[in-house]
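This structure is in structure tokens; I'll ask about it shortly.
Letters A, B, C and D mark the chains in the order given here, with residues in each chain numbered from 1 onward.
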Amino acid sequence: MAETATVPTYRRAGGIGRLLERYPFLPALVIVAALLLLNGFFSPNSLTFRALTGLLSTYMALILLAIAQTYVVYAGDIDLSAGAILSLVNVAIVVLMERWGGGAGAVFLALAIGLLLGLACGLVNGLVVAALRLQAIVATFATSIFFTGLALYILPVAGTPAPALFWRTYGGRLFGVPFVFYILAALVILLAVMSRTRLVTQLLAVGDDQQAAYQTGLPVIATRIKGYVLCGLFSALAAFCITGDTASGDPLVGGKMTLYSVAAVVLGGSALSGGWGTVVGSLLGALTIGLINSVVFFMGTPSEWQNFVQGLAILLVLMAGVLAGRRARS
Amino acid sequence: MSKLKLSGVSKAYGATLALRRGDLELMAGEVHVLMGSNGSGKSTLCKIIAGSVRPDGGKIFVDDQPVTISGPRSARSHGIGIFYQELSLAARRSVEENISLGKLPVKSRVFIDRSELRQRAARYIGLFDGVCGEGFSADTLVGNLRPDQRQLVEIMKALASEAPLLIFDEPTSALDRAQVERFFEILRDLKRRGRGIIFISHRMDEIKAIGDRVTIIRDGETITTLNLGETDPATVIRLMVGGAGDMPASQSSVPAVVEGEGGTALTVRDLSGRGFRNVSFEVGRGEILGFGGLHGQGQSAVLRAIFGAGSIASGEILIGDSRFDASNPRDAIRRGCAYVSGDRSRDGVISGRPIIENVTPIHYLRDRLMIARPGKLRAKVAPALDSMHTKFASLFHPMGSLSGGNQQKVIIARWLIDRPDVLLLDDPTKGIDLSAKADLFALIRRLAAEGLGIVLYSSEDAELLGNANRILVFNGGSVSRELTGADRTRYNLYQAAYEAA
Amino acid sequence: ETFKIGLSNGWVGSEWRTQMIDEAKAAAAEWKEKGVDVEVSVQSANVDVPGQIAHIRNFIAEGVNAIIVNPNSPTAFDPIFAQAKEAGILVIATDAEVSSPDAIYVGIDQTAWGAAGAKWLAETLGGKGKVVAINGVAGHPANEMRVAGYKSVFKDHADIQVVNEVNANWDQAQGQQAMQNILATYPDINGVLVQDGMAAGAWKSIMDAGKAGQIAATGEIRKDFIDLWIKEKLNSGATVNPPGVMASALNVAVLMLQGKELKEPAKAGQYGNALYLPIPFIDSKNVAEAAKQLEGKPGYYSYTSSLSIEEAEALFK
Amino acid sequence: MSRVVSFVRQPIVVALVLIVLLLYLGEALSPGFATGGQILRLLIVASLLGIVAAGQNVVILGGREGIDLSVGGVVSLSAILAGNVMNGADGGILPAVAACLAAGAFFGLLNGLGVTLLRIPPLVMTLGMLGVLQGLLVVIRMGIPSGQAAPALSRFVTQPLAYGIPGIIWLWIVIGILLALMLNRTVFGHRIYAIGSNEHAAYMAGVPVKLVRIALFMISGMFAATAGLCLLGYSGTSFANVGEQYMLPSIIAVVFGGTSLAGGKGGYTGTMAGAVLLVILQSILTTINIEESGRQMVFGATLLLLMMFYGRGRAMRA
């Protein structure tokens, strides 16, 4: 295009700011790297391939939940029911797999239904928040209570084991490589593909300024609903991972994970006010939470101080993440 | 054949009748100007056409077919594109994304077509080649742009809709002359290609330069439509203001009284900071000092810095005889400094709160009040608002129920309860209608006469020439010329402004 | 001889848990006198299930000999315990049973715990009356086992009518509120079956309503409650879930690490991997003795019991 | 006529109507629910929630996505601190009050500094602070003996003080009146609304934005501490984590009261009604005899239903 050449391309100076603007997850990456080094320093064993595999397979669920959360945060919303959706899908698929005999067919069918269930929960949230215009924090807290009730109805007490086929695959190896690495690779590809979709840009535009997006002609309500549906779907994927890692159903398993997922999103450099962020950052944010927990232990912190030190470390890293993220934007 | 026809369109916000009866007919290939004072319902009318406001009644025809516009998307599908007075940009998205946001190009149905996006952006940015100013490129985030650049992006966005019918609701309020010129060239071209264009501005010269016909709107009613070629400004203004006929005082010819003997109110020596350097000047008591020049040459930055809301690297400020270095607006206010910004939605309006609370904050601070007694405050607030001829239903109505111009009056009124020593006006008439402007400048002169030192930055030459005793012309962050006495001519002002460029 | 034992606790919301860790540490110290060097490594924090799985992974990476865990989920640890076992680590769960065949459970039988309270209540009420139950967290395995326990007892008492069952999440204030609501709507109840952690709250509502004389309710094992019990002559009985369970588990762990074999392998419970410890019971007859054990302790300190090293040795061949 | 309509649609009126309806429903489902004594007892519980919500309320009014998730931690901390300071003796009440308020103000100050000086979003800052507080609770419990509520404090919370109404309810009423006066009739109150609705404009009009916002978080911390103190009086002894149950309900009470989470709009009177409404709803659910799963589903669905009356966002198309 000849015209392209005529476009003025002045650029602002400031290498780091520019870099942060392009890759807002860089601070999170640095933090993860530093925490890995610290872990390795205090306990060399924690950097073995085996230990890293373990870290990944344990935190894959939180990673996915944080990614789920990111898509609603993009649009300036929040989903406090993500953990409850995870629990609900977890018990639903475990119960179904068991009822249908635990063969490969049963597993796949149950997973498909699990995805549908996640989608349905996301849709409910989306309708309630975007279409009925209830405030996201309180409305999704209410739906989380509802989803937990549903999970308790399906499986009143934790216990039903998942079929061995399922969790052995998740925890096992394929061509000598641990299965979680395939999941990670698939996830990275999926995220890369997702980031190119129109939906993601629309979510970010809606999160940036909802009224402006509406006046521009974006389908704001539909976009926000889709954000919640994505969140539901990724929460379901997170449920698959937690089922793979725990091999059982537990109606309360995700309860504590919701707030961690929000923290992970912020640690990853996304703005809770919407319009700004990356899913890769959230992935790193989830790993940060896991690594902080380990490092506090490996440092030899006395047990009564562990919770305090963890809380403090997370607070400090949250602050660092927010400050770095702001640098990127200013 | 008319491109668009409105008949009897109306809209009420609660008790406020924003639009009583909107009638309008837009032909292909014309620039149709809407004129009316602040709050007369122009923006409301435009938003109804663009689908972002739901009309209470009336009919809309596009190409003579009756249509129902159910929202912005539906408006687009009927071939309507709009520039919003308050802009509709996503600050954290790039310029190119913003330009195409309404209809993002996709491939394989779900993915963004980046190359198409880029090409499209290049096309519209290219139209403004050379006037976009520094730091403007396709991948800059809109939030990093200056106000005038943002307005350009909003214009590009409206143009990119390629709609046969385009609405521009005050698109030029932050633009400099060169930008306006370029924009008008584009409009003329669109006109030639048969587009129908609705254009709103409060600047008479712009209207004469670009408009074909004008529809006057007063108190939410469209009064009449005239051919601009066959009418004169005085008639238009008379129609806008209504029967009362109290014409605004002419502004172009009467220079204000030369300063009295009261000494200096404000001294600035060698001030440097972000956006300006080595600025020095003095303002006497009773003097109105004008700041002129193209947009963004450091005028606002200097004023904000004096007020404590910008950065100062070096230099000295005196109010009266005492050194003054406000680290924040609160300090500045306490020391008798006042600042009125043209960007009222950002700097001024406390939206959602009653009008009275929008007038009182300065009074709270200067009188160190703790308790807010409505009865007492009302007595203080009412005269200030009256002196600006502010229109409002009651002091306890929310600020948002006022039109843009009346909001600006409220914001100016907040400085009138406790008189400041120095008044800094940063393009204060942006979006204010002609009669309000006249009220404002009468007031400013009266304040000057009472001994205030006033600095007036205006993007309208007429305002400067008509009111300032001296004019400092800014260029590239410093004062390039001072115009006094008989030098204060439109020609000199133009020349000084464009000198370096 | 040196053993390294990892202790994992996934919730720090109560003093009971703190005491549990402390007693386990004290038990480890006692082994010193026997010439066995037991080093404990503790992870105790509020974590979600992945967080606690990470605890176990950390222990595996650290190379401990045994892991004792108070688990946040009964079933979620099967795969990770399998890995621990592969790494040659002994895994013992305490306080809440786990389904893993690679771990054993050393602690009390929560079903029996629930049954004991119900049995006391049924006897105290003379086999008839209206009863309400205030339970812990719905869906929590310990809670569900306790519920199953009392249900099995009341099944045999046709004249005892359970008029309502509510959940107050093992939170004292919520227990108090729940009791308040219950008293308002069932003014004529005779008995309350309330789990520990909430019983003090429930009793407070009963006393505030002036019904301490008419109602029999289960109680707590915390010192401040036991003092109140004696002072107000409450008609109460408390099944003891001693915080010493982890200490007991630790003693069992050390003996197993020494290569000793259990006389009776751990085969009890729904998962067939449990070694149940005796459950003490406090009622008005022996409450004074309990008070004696707690003398000088802070108010939040719980009545406790654990297997001493000798008692533990007695379980082994 | 339109006056009547707008009066009826006020959140507080809606809340009061719903309260009456719920009381009728409760009485119908389980007779004895709506007796005078029981209503008083419900009000005691509501006042605990309402006092926490008072702090939450002002923080939310101050805008910039104001929210305080650390209130739960402060409530717990204050209950424990108070128990230890007074340790069952009436003479210890005043020092305990001072200590609790100081602690609440201190953690509020930290929140406020993080939110203003470092400009951390409140949700993030207070969520992080909650983690720190929970950790701190564990540490504290290691070192100090547990305490008992002073008898006078327990009486104040649970026994009638004047006209048959317990002191805590009087306290709550006083707090309500003071807050209403503060928000509507003081410069500080106007400044809260100003920063809540347009922070930058407030700054340009000389409002000490940071100081006000810090003050809001300190007020929130102090209200949470007050609630912790009263909670100690309510339950007699202090124990860990008692405050957690107030975190999200305090936000719901504020929303039920018609305050917008976006800031700058709303007040406390509605929040008081919101707190009562929430507590009654919870009580009804405890007294009806159904499975817990059913209870939770009904509770979640009812919350959603009730929210339809309040704080629904504006339609994008005016």
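Keep in mind that, in the parts below, contacts are C-beta pairs under 8 Å (C-beta built on N, C-alpha and C of every residue); 3 or more make two chains touch, one makes a residue touch a chain.
It should be emphasised that the depicted structure is a prediction, and the values quoted were computed from it without experimental measurement.
Colleague: To reach chain C from chain B by way of touching chains, what is the minimum number of steps?
Modeller: Between chain B and chain C, the shortest chain-hopping route counts 2.
Colleague: Looking only at C-beta pairs that count as contacts, which pair of chains has more of them, A-D or C-D?
Modeller: More contacting C-beta pairs are found at A-D.
Colleague: Would you identify the chain whose Cα-based centre sits farthest away from the centre of chain B?
Modeller: That would be chain C.
Colleague: Can you check how far apart chain C and chain D are, centre to centre, with Cα atoms defining each centre and the answer in Å?
Modeller: Roughly 33 Å separates the two chain centres.
Colleague: In angstrom, rounded to a whole number, how far apart do the mean CA points of chain A and chain C lie?
Modeller: 35
Colleague: Approximately how many whole Å separate the CA-defined centres of chain A and chain B?
Modeller: Comparing mean C-alpha positions, chain B is 44 Å from chain A.
Colleague: For chain D, give me the residues that contact two or more of the other chains.
Modeller: In chain D, 134-135, 138, 142, 292-293, 295-296, 316-317 touch at least two other chains.
Colleague: Could you pull out the residues of chain A that touch at least 2 other chains?
Modeller: Where chain A meets two or more other chains at a single residue, that happens at 151-152, 156, 211, 214, 304, 306-307, 310.
Colleague: Mind pulling the residue numbers of chain C that touch at least two other chains?
Modeller: 12, 18, 44-46, 138-139, in rising order.
Colleague: So which chains actually touch one another? I want all the pairs, not just one.
Modeller: Result for touching pairs of chains: A-B, A-C, A-D, B-D, C-D.
Colleague: What residues on chain D touch chain C, complex-wise?
Modeller: Result: residues 30-33, 35, 37-38, 41-42, 45, 134-135, 138, 141-142, 145-148, 158, 231, 234-237, 239-242, 244-245, 282-283, 286-287, 289, 292-293, 295-296 of chain D touch chain C.
Colleague: Residue numbers of chain D touching chain B in their complex, please.
Modeller: Touch residues, chain D against chain B: 184-191, 193-194, 197-198, 200-208, 264-265, 316-318.
Colleague: Spell out the part of chain A that touches chain D in their complex, as residue ranges.
Modeller: These residues of chain A touch chain D: 80, 128, 132-135, 137-139, 141-153, 156, 210-211, 214, 220, 259, 262-263, 266, 271-273, 304-312, 314-315, 318-319, 322-323, 326.
Colleague: Would you pull the chain A residues touching chain B in the complex into a rising list?
Modeller: 1, 3-4, 6-12, 21, 196-199, 201-202, 204-205, 208-209, 211-219, 275-276, 329
Colleague: Spell out the residues on chain B that touch chain A in their complex, using ranges where they run on.
Modeller: Residue list for chain B touching chain A: 50, 52, 71-73, 75-76, 82, 84, 87-93, 97, 101-104, 106, 110-112, 118-119, 121-123, 125-126, 129-130, 132, 134-138, 140-141, 143-144, 157.
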